[in-house]
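Lettered A, B, C and D in written order, each chain numbered from 1.
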Amino acid sequence: MTYEAEIVTQKKLATDCYRLEFYAPEIALSAQPGQFLMVKTSLTLDPLLRRPLSIQSVDHARGLVKVVYRVVGKGTALLAAKKLGRRLNVLGPLGRGFTMLTNGKFAVVAGGLGMAPLYFLVQRLKALGNEVTVFYGAQNRYQLVLVEQLAGLRVNYVTATDNGSSGFKGTVVDLLREKGLPPVDIVYAAGPPPMLRALGELLREVGMPRTEVSLEERMGCGIGACQGCAVKVHGTEGPVYKRVCADGPVFSAEEVIWE
Amino acid sequence: MKPDLMVELAGLKLSNPILTASGTFGFGLEYEPYVNLRELGAVVIKSVTLNPRQGNPPPRVTETPAGMLNSVGLQNPGLAAVSEYYVPELKRRKVKVFASVAGETIEEYGRVAYSLAEAGVDAIEVNVSCPNVAAGGLAFGSDPDTTAAVTARVRAAVGNLPVFIKLGVMGGDVVEIAGAAAAAGASGFSLINTLPGLAIDVRARRPVLGNITGGLSGPAIKPVALWAVWRVYKELRLPIIGMGGITCVQDVIEFLLCGATAVAVGTGNFINPGLTVELINGLERALAAEGISGVSELVGAAHVER
Amino acid sequence: MKPDLMVELAGLKLSNPILTASGTFGFGLEYEPYVNLRELGAVVIKSVTLNPRQGNPPPRVTETPAGMLNSVGLQNPGLAAVSEYYVPELKRRKVKVFASVAGETIEEYGRVAYSLAEAGVDAIEVNVSCPNVAAGGLAFGSDPDTTAAVTARVRAAVGNLPVFIKLGVMGGDVVEIAGAAAAAGASGFSLINTLPGLAIDVRARRPVLGNITGGLSGPAIKPVALWAVWRVYKELRLPIIGMGGITCVQDVIEFLLCGATAVAVGTGNFINPGLTVELINGLERALAAEGISGVSELVGAAHVER
Amino acid sequence: MTYEAEIVTQKKLATDCYRLEFYAPEIALSAQPGQFLMVKTSLTLDPLLRRPLSIQSVDHARGLVKVVYRVVGKGTALLAAKKLGRRLNVLGPLGRGFTMLTNGKFAVVAGGLGMAPLYFLVQRLKALGNEVTVFYGAQNRYQLVLVEQLAGLRVNYVTATDNGSSGFKGTVVDLLREKGLPPVDIVYAAGPPPMLRALGELLREVGMPRTEVSLEERMGCGIGACQGCAVKVHGTEGPVYKRVCADGPVFSAEEVIWE
């Protein structure tokens, strides 16, 4: 459904990186980790289309929904310019989220803002009493945007930065290779495509545990109608296209054909 | 008095003139969370080919100023799935269904149209803007003779069912091509399909779309669409389903004034999945506010000489 | 090191690839309060006809989503005023001048081009998208044979002067028409002219423009323009002046990557009269930031297979 | 020239009618009554073109420029939504204004927001020691937006409203017909085209005094380059098109061919 949601907070987390919180109790109640929203960034015809943003967390009690985003173009720039009290037109929650289990052990591998949907996942996994280890990589320590909140969730987490300014020096996949993957029920991952691909290779080497990845693709409708957000996956009779918005954004890593 | 939104489109009575543009509304069911499908004038489903089609490599969509490019490439589950599953599902819900037909040969158009007519659709829309393998990759609709041949074949396949020929504006004069289709048995026209376009990813120094080129839709093309509707209405006076960039009630009225009897909403659905129903209600309010008794009062009204 | 903005366009050395689009920059002088004309790669002046033309009844412009329609109708003071006043004024200021030529007969194109060449312009742009009275109101440029005939006539009239054929994308395949012009002696192409369009005044229930239809320009048409540049570059490899919706440095780079050697700014001048010079400076900064040594490195670079 | 001018006040004068004041000392210094500005209403590509607005008055000392506008579409709606402190991109002053004389007697005939440029004119005419009578018509008394300021200029003014809610009941041309035109050097007028045409007819009946009218036409460039803003006028060899933006917006009433 679409909502005209009031913006409650808008906070700069790092250079070009913001967290926006809005009041939408229905979304807060029904959202699942891994799901996303389609957000209108302008009232005019430019930019035209909605922008997909992952749900970073929700607050049932206060009816709030949070997203974390990076300004990369004009849509996100307009979003960053929006002030408190203004209304935001959001459509969602959309898509199929991560598999949620109880009493398990899980590894979460996040690259950059891939942490947004994964944070929500970690929160829920912890609430369900699971054991979670987080591997979190970013360019530098300022870009490790949700570490304080993660610490608040009392999960084990290790960080990697390209320049070594926090934690391991290198990518999060390098870190994982160095540290070794603990025995887990599911590996969850989100981040830029090269990172996900490298992770896939590493996991194949170590015997491919069950892995779920959250993918991104340019979107038209966000609701499964336009076939715009195609991702190539293994079908029963060879490669087929699935829709990131409706069949995902969470896919089994084994299913995805990286090109 | 409540204004009358009913329109008669090539003999079909539609409760209102708001349809969906093929390829932007899936098979209708995707929009059920947002729209009561029965309220629509009709649902025009995604173009159907004989066999399932995979479509083009991603990325398939990108935004442009007040528009978007798509290179979906007619991905669809094929005739069998559509005639056996989607059409019955829609009919069961008492939705008016227009089936969009595509193909690589004239014969394929005929076969697909025949089976969809059998499945009980209310009208056929013939998408003659997809690559014609037989003619070396040119669109069927860029040439009057081929368009006439496709039209005649579909007409023969579906008997008296309304047949709308969907045209673009590239490759040939739209009035000439529409005229050829009319002579070959078209009931009316759907105007317009997307314009060709390309977008560049400056950082990667290559085209954004996996297929390099795509089809331009959205408000950016509305003036071109109004131009096409205006001209075809003026020269042929056959029923027209107008489309191209509709996002608000005023846009709907503009198409009606140019000569469209009905309109189809495409890219607008992506911006607001509930747009079609909002337009129906909005159109009713707009007519009431202006004291206009029915939609037909507006159709082609801008052509009156003053 | 400072990047090199110099481009060689059909043998002409231009200090940078930023030109002005015919009809949007008057005869250059109108922009003197905003732009040092000498800094521009070249000024392409408003299309000139043999005799003065009054143009179409108002309204002549209206805005559309991310674009505008105009129906100015080639209003211009005629060949004598241009060759005797405007061209000398520009030459006196040491401005590179491209003269856009239009006509109602092939002979008129030849005569106008000849006199403008005599007046000392640096290149001729042939606007083959205006109504051809001899051919019943069709644009010259919608047919390969007529385009070739106009090109040959202008080539014969101007000797070795660079001749750019300005094409739209309607009415015929742009690659085919460009190919015909190339064979007839074109040095290169200007792509693209406006698309046809119409706007409705809902309150008045009639077309906004006095001339009913108009030409669509601005960012809305940029994807179509990039598509045309891409295709013509790929098939013909002749120099291209790209235009359609340029409003920022990124747009310029997109056209270059598609294969344009230079670009022309049209509607963008209306939004910001100083845009051309801002683009020159911005382009220099962008190349420097990316460590690109010269503009030529970008021309057609998106065509490289990966 | 174009300026990024800071918005200093934005005030609602009547339903859908606003006065906006911005800081642009160069414009304030050089502007002449009858000239206009081309204002950018959005930072995105929609709306695309600048919007022409008359200069309603200037404040040399404080470097301020005022415009008065009615919200009729999306450009003016975006303008009305702009807050203080925001920057407004303005191009101007543009066009040829009204003829300014000293020690004369003048009549000013305003319809609706035609008062915007005429107010500036009256102000200057008064400053030059002239005698000015203002005839001002609008739909109703709320739309007589600048009457208080007019009163402040100590000019003779009479008003007309369609419903008689202030002054004469009828149009301003009806009022003029009723009252009779005083003997003047120049009649200045601005307002909707039907009003200007009716005024022209009335003035012809009474012997056509020298009259200057400010015209409006849809504009592309605003600086005389595109030939977009054509108005048909009597030329030496029959009708020709002139440009409202560069040859006007002020024209001699005798010159204009009303269609």
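Note that in this section contacts are C-beta pairs under 8 Å (C-beta built on N, C-alpha and C of every residue); 3 or more make two chains touch, one makes a residue touch a chain.
No experiment lies behind these values; they were computed from the predicted model shown.
For the pair chain A and chain D, chains touching both partners: B, C.
Mean C-alpha positions place chain B and chain D at a centre distance of 46 Å.
Centre-to-centre separation of chain C and chain D, using mean CA positions: 36 Å. The distance from the centre of chain A to the centre of chain C, with each centre set as the mean of the Cα atoms, comes to 46 Å. Note on chain placement: the centre of chain B and the centre of chain C lie 34 Å apart, centres being C-alpha means. The multi-chain contact residues of chain D, meaning those touching 2 or more other chains, are 45-47. Within chain B, residues 65-67, 218-219 each touch two or more of the remaining chains.
Taken as a contact graph, the chains are fully connected, with every chain touching every other chain. Across the interface of their complex, chain C is touched by residues 1-2, 40, 45-50, 91, 217-232, 240-241, 246, 259 of chain D. Chain contact summary for the complex, chain B toward chain A: residues 23-26, 30-31, 33-34, 46, 54-63, 65-68, 70, 72, 75, 218-219, 247, 267, 269-274. Touching chain D in their complex are the following residues of chain A: 42, 44-47, 74, 78.
Residues 65-66 of chain C touch chain A in their complex. Of all residues in chain B, only 64-67, 69, 169-173, 195-200, 202, 205-207, 212-214, 216, 218-224, 226-227, 230, 245, 250, 253-254, 257-258, 298, 301-302, 304, 306 touch chain C in the complex they form.
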